[in-house]
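Below are structures written as structure tokens.
Here come two complexes built around chain A, the first alongside chain B, the second alongside chain C.
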Partner chain A sequence: MNVGAIDIPMVRLLVAKDWKLFEKQLAAYVLAGMVALAFLGNAKPWSFYVGSLLLLIVLVAAACFSISTSLLVERKEQTLGFVMSLPVSPLDFYVAKLAGNLITFGVPFVVLSAGTVAVILLTPLPDGLLVFAVLVFGHVLLAYSVSLGVAMAVESEGWNTFVMIASMVLVNPFLMGIGQIPAITDHLQTDTIVLSAPALAILAAQALLSTGIVVLTGWVHCRKKSFY
Partner chain B sequence: MQAATATARRHDMDSLRALAMLAGVVFHAGLAYSPMVQPLFPTADRGNAVVVDATLWFLHLFRMPLFFVVAGFFTAWLVERRGLAGLFRNRVRRILVPFLVFWPIVHLALTRSTLHAAATVEHPSPLLQWVAQGQRDGELPGAPLATGHLWFLYYLMWMYVLVWCLRALTSEPSGSAAPAWARVLGRLAALPGWVWLLVLPCLLTPSLASVTAPHPAPESLLPRFWAFGFFGPFFAWGYLLRRHPETESRLDRNAPVLLVGSLVAYSAWFFLVSGRSVEQATASSSWPVALLGAFVSVWMTSVCLTCGRRWFGRPSAPVRWLADASYWIYVVHLPVLFAIQYRLMDLDWGWSLKYFVALALTYAICLVGYQALVRHGPIGWLLGGRSHGRRVASSVPPVPST
Partner chain C sequence: MNFAFSVQGLTKRYPHFHLGDLDLRLPEGQIMGLVGVNGAGKTTLLRILTGLALPDRGQVEVLGLPMPGQQVAVKRDLGFASEDMRLYRSRTLRWHMDLIARIYPGWDEAYASELLRRFDLRADQAVGGFSHGQRVKALLLLNLSRRPRLLLLDEPTTGLDPVARAEVLEALAEVLRDEQRSVLFSSHNTHDIEQLADTITFLHQGRIVASEEKERFLDLWRRIVCQGDAAFEQVDWPEVAAARRSGSLVELKVRRFDDGIRERLAAGGLAVQSVHPMSLEDIFVTTVRTGGAA
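== the complex of A and B ==
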């Protein structure tokens, strides 16, 4: 991959285009995220439940719509044809999509995860919840990376929809699964943050897989002479 | 000519912002002599008086609302001049960075001085006694991580995010009619003044009814619904004033009536609230108290805007200098004030003399510090930009600090 070959001004324009297309949805997610954080901040059982559910919905929706708007709709509405008519290489295109998605998904993801960490540490909620919350955010990040990788590599709308839904819905069995690990659940109701070996192993796997998928997708994409 | 009017410096708004900030020092200094917050305020003195409560809580009901009107006004101005991206670039430099720089310093200074006072003051406040007991027992919990008196900077950033959200959500494809948010503002601006004066307080009432009376400062790091519900409409009011300048003077002729009305409403509010400490107050105030408080907030803010236009509309070098200094004074005043008031607690002076000395010394230290260390140095640039301290004679309007 020749990084020096990246046409930075063109990448900026492509990112700006994606930002413009996604801005309205992103604003809605940020607004919903603020509402979710305010619910969490009430530190009452019902508002914690509503807030955490809303937070999860916002994250999953932001992940799916970000990919859908920047990649799938682009193909469906034939705007990719227009983009291909510009002096853009597959590498420019990949970098623009990656940067665009890092903004459209990464910003709400970082803000909401930081907000959740703040809620857990600064309110009467047990601090032990932190490990559980970080693992859930790790899963959403992994699911997003898988969906992004598939969307970049596979043209089929059906497969993309399937992967997006499946990877995000897997959060349920994931929650059930980590709920069965005593090293993680034993400290949920306490104020002690225990990064047990299983928790660390899951986190490491999530981080490695997420990074690996993004890198692999980039590598495959950049070897292409044409877009698809 | 029209363009010149649109970009002309608004001395009245600059001055009102400065007054709102400088009044914050008066408010925080007075809390030490307020019977109502006696159990909860670290510098609570042996001497206190109901007259302090009667004055302070009146100020409290419109000081920050006025500040948010001014902030909304300057936000609309920045968006006009620089666009949303420019607004965020500027606000990150002038609001977020100063907040991140000064917040830990102020937090640390307040914590250290309070711990020192708990160990040394001979006539401690109930809160200092509790801290001292915790120190003796070794069970003193750490100071809660909150934004403290800098909460308004934190909420301003949220307000800017909300401005972007609302504009993005209601924007129309380019080339079409005016965006929905602009049409809504236009309709609101077209409403008669009396509708504003009667409807706006009713809209604010649920937010005030959900918290104690007097309303607390939303110092938590997590956003609070009530704070957006109460301060948000004031911010929107300021935004509207900039977008529709024709609305500015609409309420001017009502100012005397509004002032009298506010004093009557506040008397009723104070009668219902006084005689109990904040500690005894229930988690939420009653609806009549909230409604009265909302009316005072809106009407007095309107009176202040009128007074600002009448008295501070012309350029004045001393006022300009004070306006430049006000941001710095507000940011650093609390550690200075507390350090002074902790030392005054053991003196056998009357509360009024202590109040005067604490105020005078705090203003003096902050103003001298501003002129000597801040105005022409990097802290001045941090708080007010590169043009800070050299703009009295300038005809080009500077970018507002807050």
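== the complex of A and C ==
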């Protein structure tokens, strides 16, 4: 990949195009996320359950929407040929899609994760929940990276749907898994934020894997033989 | 001579299709019609020329630059519209026009407005509500209004009603008045090709079976009706592409007609009744059926 060859103005234009296409729906996701945070902040057992469930649903939906509209629908509705007939290289397209997705998914993700942190720290919810929440957000980010990578590299709609659903549904066993680690669960109900070694290791793995997948996807994309 | 594009030894292999060892070039300022049945390889060739597909082997140069290496520079001067290319359904044509205008400095808003009127398109209408004909015209408008040096059109007239077809062909004819612009357009409709093209290339099963100037094609091919009882073997000459008997009448399709053929046929016991020019469609069908060079 010759990073110097990226046409920045063109990439910016493609990102702006995607943003314009999806801005209303993304605003709706942020709004739904705010509602979820309001439930969470209520700090009652029932509202905590409803809020955390709704928050997960919104995050997963925003991730799937971002990937499917910017990549899968573009391919399915045959607008990919139109975009690739513009003066863009495969690398420009990849960078634009990556940046576009980081914005279209990243904006709701950052707003909601920051909101979650604020809700945990500023409401009667135990502060110890923070580590657990960060790990869940880390999982969503990793699942998103996997889905994004597959969507860019694999044309099969079936495989894409499978990977998107599977990676997001895996949040359940992930929750169960980290729930079995005493170093993480011991502080859940307390006001002490403890970034234990297992939690740090999981976070590092999530970050490394997410980055690795994004880089690998770019490498694969630039070696593709067709772009229509 | 400058070439709008040239391909040498171009090969592209798919599981059930093989575009084989193509050599083809288009001089600048010319219009080439690419004729072939569905699945002949027309779309694959056009996709390779636009960088949408990469060849397995061979050299491709477009507007003097190697592809796909220089595809960004090439695509700044290249227009491409394909039958299977779509615009964003939820967005208006105006939105698309603004997008293209921001990308291409050569965008000609006055010409775009003129094409809007001529094609009877509404800029403020969402593209999702366009008919097939309107969609094709919208794609052409987006391409023509930025005045590309080379225009590649994949089946631009397929599925259009006669009025839309005439409008599209008129717009293309206008583009061709500028001698610096080149056009390659594919179709299985030989009438459209015959109307516009300077040069015609027949593509069949992934290979070029003929590529000639249009006038030369039409000058060389003749349908000859003869009468006589001579056996077909007596006219088994290289220039005879097809022969058919109906009673005492024999119809020959000849790929390189000259006056000497009349004498040779008479000597072989076949009296020439009439000689007719052939349409491009007839030439194409005959070429494809005989599977050989025209």
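Of note:
Going forward, the second predicted complex is superposed on the first by the 222 of 228 C-alpha atoms of A that agree within 3 Å, B and C clash if a C-alpha of one lies under 4 Å from a C-alpha of the other, contacts with A are read in each partner's own complex, and residues count from 1 in each chain.
Rule of thumb we're sticking to: contacts are C-beta pairs under 8 Å (C-beta built on N, C-alpha and C of every residue); 3 or more make two chains touch, one makes a residue touch a chain.
Here the structure is a predicted model, which is why all the values come from computation and not from measurement.
Contact with chain B, but none with chain C, is seen for A:L26 once the two complexes are overlaid on the shared chain. In the superposition on chain A, contact of A:G158 is made with neither chain B nor chain C. Of the two partner chains, neither chain B nor chain C is touched by A:P124. Of the two partner chains placed around the shared chain by superposition, chain C is the only one that A:M84 touches, whereas chain B remains out of contact.
In the superposition on chain A, A:P173 makes contact with neither chain B nor chain C. In the superposition on chain A, A:G41 contacts chain B only, with no contact to chain C. Interface of chain C with chain A (complex): residues 47, 50-54, 71-73, 75-76, 78, 80, 82, 84-91, 99, 102-103.
By the touch rule above, chain A contacts chain B in their complex via residues 23-24, 26-28, 30-31, 34, 37-38, 40-41, 115, 118-119, 121-123.
Partner chain C is touched in their complex by these residues of chain A: 7, 10, 13, 17, 21, 77-79, 81-82, 84-89, 92, 225-228. Chain B contributes residues 144-145, 158, 161-162, 164-166, 168-169, 171, 220-225, 228 to its touches with chain A in the complex.
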